[in-house]
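Below you'll find the structures, each written out as structure tokens.
One chain, chain A, links the two complexes that follow: it is found with chain B in the first and with chain C in the second.
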Partner chain A sequence: MKKKISLIVLTTALTMTMLSACMGNNESANGTTTQPESGNGSAEVKTLRFATWDTGDALKIEQDIAKKFEANHPGTKVQVEAYADGFDQKLAAGFGAANPPDVMYMWDFPTYHQSLQPLNSYADGDKDLNKDDFYSGLFNYATIDENLYGIPAGFTTRVVYYNKKMFDDAKIPYPKDGWTWDDFQSISKQLTDKAKKQYGFGVRADNDTYDLQGFVWSNGGSYISDDGKTINGFMNSNETADTIQMFGDMVKNGSAVLAGGKGQQSGEDIFKGGKIAMWESGIWPLESFRQAGIDVGTVEMPAFPGKPVKGVVAESALSIAKDSENKDLAWEFIKYYVSNEAIKMRVADLPVRESVVKELKKDQDPLYKPYYTMLERSDNTPAFLLNSKWNEVNRQLSAAVEAVVHGSNAQDVLNQAVKESERYLK
Partner chain B sequence: MAHTYPQTAGKQSASLGPRRNRRWVGAAPYLFIFPWIFGFLVFTLGPLLFSLIISLFDWPIVGKVHFIGLGNYVEMFTDDPLFWKSFGVTLKFAALFVPLNIAVGLGLAILLNQKTRGNAIFRTAFYLPSVISGVALAMIWSWVYSGDYGILNYFLSIIGVQGPDWLNDKHWSLVAMVVASLWGQGSMMLVFLAGLKGIPKDLYESASIDGAGKIRQFISVTIPMLSPTILFNLITSIIAAFQQLTLALLLTGGGPMKSTYFYAMYMYENAFKFFKMGYSAANAWFMFLIVLTLTFLVFKSSEAWVFYEGEMKRKPEKKSKSVRRGRSA
Partner chain C sequence: MNHLLNQIYNRLLSGSYRSIRTKLLFCFLIVTIIPLLSLGALSYYQSAKVINSQFGKYGENAVAQLEQQTSSYLNRMNQTTETIYSYLLDPARVDLGDQVPTTYKDIMAKNDFEALLKALKSDRTIGIYIITRSGYYYGENNLDVSKLSLIPAWQAMQNSYSGKHWLGFYPQNHGMNDTITNGISMLGLAVPVNSPYGALQGSKILIEENAEDLLHMFQLFENDTKAHLQIDDPQGRVIYETAAAFHSKESDIVWNKTIAVNGWSIEARLPATSFYHSSGIIRSNTIIVAIASCLLAFVLAYLFSSRFTARIRRLKDAMQKVSFGKLHTRTLVESKDELSSLDTSFNSMVSGIQSLIGEVERSERLKKDAELKAFHYQINPHLLFNTLNSIQWKARLQGAEDIRQMLYHLTMVLEGNLDISHELIPIERELRMIEHFLKIQEIRYGAMFEYKLECDEQLKRYLIPRMTLQPLFENIFFHGFEDGKGVIHLTVRESGNHLLLTLSDNGAGIPAEKLRLLLLPNMTKRKGRGGLGVQNADQKFKLHFGLQYGLTVQSIQGEGTTIIIEWPKKEENLNGNNQDN
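Our next item is the complex of A and B:
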């Protein structure tokens, strides 16, 4: 009896511990099931695998673009693979198993560039692509060591959304470009009414440090030195600490609410419910704000007194896998995907071509204009492009930022984060 | 069996030769067991050994793999504050969860062992949570714990207590996780219930004749008779506590401020968020050794407190005699 139990226990311990090890295998098994038939005369139809992180309406649009491409290129089948939330895991597993999709959405170039096809020779001098028509800053985000690894497909900068009705009710004039963080904080205070559970601004409980970079730059700070080698004196500089402390203080003094923690409503949802007057984000929630019936306005980010406003770009690009057997076809697909025709189909993305923006008069629409003026202000290089170990450093930085919005002192926790991260930069 | 089969088979087809038949017959058990063996080797033992091997490598999914010996283990112990932090969280969780889990499971089993009306309904009701999948369970609890709209704080407000925002308060989040984990432990209760049912009635009868009250009976009859079941549940509880991942992943994401950042989650993130497969495998092997050691210690200690039916606790030499007798029979 005793022996039997010990055997049972041992096997249970073994199997349970191994569960985690097995998960990796599942992923790669997933990848292999979708192996394309590389047509060696066996079939006329060439299959191009295209991996996307989008779901819902955006995915629908991408499938439509794929269908149009198929119609223009007889004998081609574009297999749209929607990885959704599991995008990074599935993509990594695909590369790990040497079976990646041919074309994929991409943003994290430092992690993946070794497995991607450099596109300089494709892009330079390709008249159909017309590289000069793109907003020039966008290519920087997809370039590592002079090699271009992706063609910009979509981007967003970050702006402040405001609920016009709440401003009208409080008889406060709408914010204008050129406003300062002092203006911002005093407006937020005026619009906060705790009895009505109404707040001027929402601070995310779970911030992406990437998004906060724009503010840090605006205050003259940065996370890392320009050469990407030093964080001490940058990540924990006064400028960086003060910027992050500002958000912690707004939560502390009650002029902003902490939103989007676990089991809490997201800031977007509260904004849609008309209980947050100002919200800071990219283009993503705009459509849902409108659908919720909010009379929404957008404005450039506030400035720190005497310092220029800086922005941060979240960009999505299309890349080709180094191991792809259909690189030329993949290039054709990418070109179509960023053509005027396809850009106009992708209504949720901000157009990456100046000609399309002019044609659609997006830069004159007051709702869209701030995204483009913020783009002009986005000439700093984000930290993850400067150091290949940034993911590790960011783990500590994220923890520090979380601590600040929960009440810790920014300078202290950032010093601590620098101390714990420096080993990665050796 | 291997003896009789060839004889009859040999009669039927003598020309083919009995030797060949014998070979097949000998293989039969292995053929039957082959699917399992195959699965075990490919999906269990293989990955297990593989993970031990990759724990000695710097093994990113994307990029170059290279051998670093015990480098992962050294980094883990000497250079990674998150390793100790998450290990501490898991230890704290286990220290709270394991005793409570045993106590709640046993308590419920004893209540359900009473002969009351509607017993079957209660049994079903208490077992029901363990049928719910971990993900659904996490969703339910995230509603229960919600600071503003949660039912828990609503009940607390009725008695005039302003409840915390359970999952977003670093002082309460781990407690919240323990309680949520306790909820789905119907299977443990069921094992206890089966154990209780297995205790012979006459023991209680003779105990009460000897004048033992309910509490005395519980301590002197129920607990010793149930001790093998307690041992089993204790070990599975410990393992479950160290493996806790689903709830952390879904309920708190390890936060706030890493207060529920379990070791399993640390391991998971190293593997599937930061793609450090080698490092994560090293994490996993450390956890495995810890669990194995704890299990071993519990087993060692069990000689002192676990009683098996028919076993008599006597002086050592007599005990060894009874073992020998058991073997020859």
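Our next item is the complex of A and C:
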């Protein structure tokens, strides 16, 4: 009898344990297994926020640079924040909330310089930076009232790209430095074949007025007076109006096509498609043109008869936010970003250091030479550096330019734009 | 395993203890399995209930969350369209036209409008466009109006100028640079502008949001719950459906939610089998455990019962051996339980039987010896009688008449004594023998005593045990009378169907203490003579006729003794034999 009881006890106990074991299993299967937080070392890791407007390949390069910097600086994490199209909005929001990124791409110093850290004390005499190695003049764009707010990271001047095959097919010689806008217009006319939907040139439906400044300057005009106080008589001067009217006319007479507007392909895409022979831009699309298999040539901008060709530099710099808590680390990052090593990685930008250009012999390369010639011709000061209210004025100017390429009379619309803009300058 | 089962099966069914072992096994199994199964069933039902209700709540919450998320998308899109709509209703916007703006004023208006559209964009917004009747549109320059018909629901609303058109999910494939296949999933809302006031009448506001996160959430939900998710708009158009094929059934578990802003109904259907999957796992686990425990119980029960029945079988084998006569058989006594005491009793019983049988054997042998002896002794009386007759004859020849007389009577008495062929003889014969006995006494003592006999002739044929009276007469002469002097009175009467014999004398009588012991059976072993005859006679009557019959002795010391014998009438059979032999 004793045995029987012990048997029951045994089996019951067994069952209980097995049942409870299988209940336990279910519980662990259903319950979310919380793992211990593994971030106890995070107190020692400094995070550096880096904001960029780039996307795609350029962004990837920047992330690689950030990773290399992390490798060289243990205990550092660089958080690359790609703001893309929303760059201005997000940056402004960050400054407003006193929570900006530590390091950011910057070009519009007149607007943002109050939120940026002056870098003179960092840059002057820093042997690693070697300010003298930078192309002269690049620092000017980042300087406001003697204060340096950014270190140039990349720049480009604007050149004319041409499709060698289309020139060959039309048996037209390639354009050369020193050509004029008349040459340009006649070549454009010759290369236009509407039946094939092929045009000599593409005009942006949506122009950035900044980019057009080079042409205006070349024609002896300007958007604003040298002291930055007057636009009447400058923005609507004959020279300025004629320059812009020229593009409107080319669209009107059919030797150029509007690109990048509503329902239109971008000029780069059309160029890549072999449907426009010439395109005017900075360095950015060069790589994609080559990848698209276009035999592309570059040439400096045409001249207006009897007037010197002028260029405009589009520059990007790196700045440190005034509210940043890691300014020294940020400075280290900027220095690395403009070091020879990092410059060589950033193929989408023209090198800012003369030593790198010389080393890579970029200025010898016929494809790159025009950028540097144009850099030499870029000695005018862009409008936005002359007046801090330029952004407001620019809205009217942009609308006026857009109206012109859509068929309006340049002189009329510019007059109107000046009229509406003058109140911002008072 | 099979082999083992077979073995168990065979062992269970073979052998004659099958029933006890099976019963034992059965009892064990019932005792273990019932609590086991009830425990298992209880735990299964409890846990299944808990899990089912938890899973049900989880599903409900998950669907509610989907509804929330989707709602937040839709609400924001809805608000955006309303903002745009109210912007357009402002009379100041009359410059916005259907055609490509070419004048400075129109372009300014367009730029202002597009700045608003840009400001309305959020992280998730892919595009906000206002498509005019001419095909010109406001918004970022990346839309290819001609490809809009790729949106499945776009064509359906082409000619509609009212209401809100939720376009559902569709891939991004109508941008300038989009190919047909590469698009991410988007959620679209189109609202025709149909107010009689304001700008851009007949245009359509199109808002597209990145729906990848939302769809990812749907997929997470589907993966988590294995449910079939379907979103329908109020017109019954399927907005979203889980890719996997599904057949809805009545038994499906259904979670329902309706999105307030546009009446989309979210329905998650879970086949009952999937819903009860986890409780099914518990059930199968419980069953496995129960089966395992049952097997264990079975094995343990089998082992125990076989051990138990093995002992019974051993005992039974031992019994069988004993029944075949092997009395030296003993069983092994293990432990101290009922079975072992059974073993012990069996052992002592067998040893008892063994000694008993030995005794019987011995007594049987003795009996045979006695029979042999008796056979020998039977021969002797003839020799005795022949010798006595020879002496008698010799005495007559020599003229010793008194000796011859004595020998004659002695012979007669001995003949009566030694004739053992009948145990019951007629009273007449017994009386005759008494006569001979008395003759001898007369010759011995002379005519000193007086003998009176009262007996009817018809009573003399009834039977009386042999040699009953003679010892009583001997007693009178040896103990009662002195030198054979006295009176003996023998009376035989009948009393109903009984006979009553009274033998009285006037001898010395029997002392009271001796009288008391006279008829007690254990007195047979006492030493010396006297009383033995009384008791023998009493025993004979009791033996032949029953315990209620026998002798009664009355005696007064110095005055004489009276012995009364009572026994039933019994006549000699016709064939001359009596039954008692």
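Basically, the second predicted complex is superposed on the first by the 384 of 426 C-alpha atoms of A that agree within 3 Å, B and C clash if a C-alpha of one lies under 4 Å from a C-alpha of the other, contacts with A are read in each partner's own complex, and residues count from 1 in each chain.
We adopt the following convention: a contact is a pair of C-beta atoms (placed from the backbone, for glycine too) under 8 Å apart; a residue touches a chain by one contact, two chains touch by 3 or more.
Being a predicted model, the structure only gives us computed values, none of them experimental.
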| item | value |
| --- | --- |
| First, second, both or neither for A:Gln114, with chain B first and chain C second | first |
| Contacts of A:Ser266 with chain B and chain C, given as first, second, both or neither | second |
| First (chain B), second (chain C), both or neither touched by A:Ala205 | both |
| Partner chain in contact with A:Arg395 - chain B first, chain C second, else both or neither | both |
| Touching partner for A:Lys196 - first (chain B), second (chain C), both, neither | neither |
| Partner chain in contact with A:Lys426 - chain B first, chain C second, else both or neither | neither |
| Touched partner set for A:Ala403, first chain B, second chain C, both or neither | both |
| Touching partner for A:Lys176 - first (chain B), second (chain C), both, neither | neither |
| Which of chain B and chain C A:Lys127 touches, first, second, both or neither | neither |
| Set intersection of chain A contacts, chain C complex versus chain B complex | 8, 10, 12, 14-16, 18-19, 22-23, 25, 205-206, 261-264, 395, 399, 402-403, 406 |
| Chain B - residues contacting chain A, complex | 43-44, 47-48, 50-51, 61-64, 79, 81-82, 142-143, 145-148, 150, 165-168, 170, 228, 231-232, 235-236, 239, 243, 251-253, 255-258, 264, 267-268, 271-275, 277, 280-281, 284, 287-288, 291-292, 295, 299, 308 |
| Residues of chain C touching chain A in the complex | 28, 31-32, 35-36, 39-40, 43, 47, 51, 54, 100-104, 106-108, 111, 121, 135-137, 141, 143-146, 176-177, 278, 281-282, 285-286, 289-290, 292-293, 296-297, 300-301, 304 |
| Of all residues in chain A, those that touch chain C in their complex | 3-4, 7-8, 10-12, 14-16, 18-19, 22-23, 25-26, 30, 86, 205-206, 260-266, 269, 395-396, 398-400, 402-403, 406-408, 412-413, 416-417 |
| Sites on chain A touched by chain B in the complex | 1-2, 5-6, 8-10, 12-25, 88-89, 92-93, 95-96, 111-112, 114-115, 205-206, 258, 261-264, 391-392, 395, 399, 402-403, 406, 420, 423 |
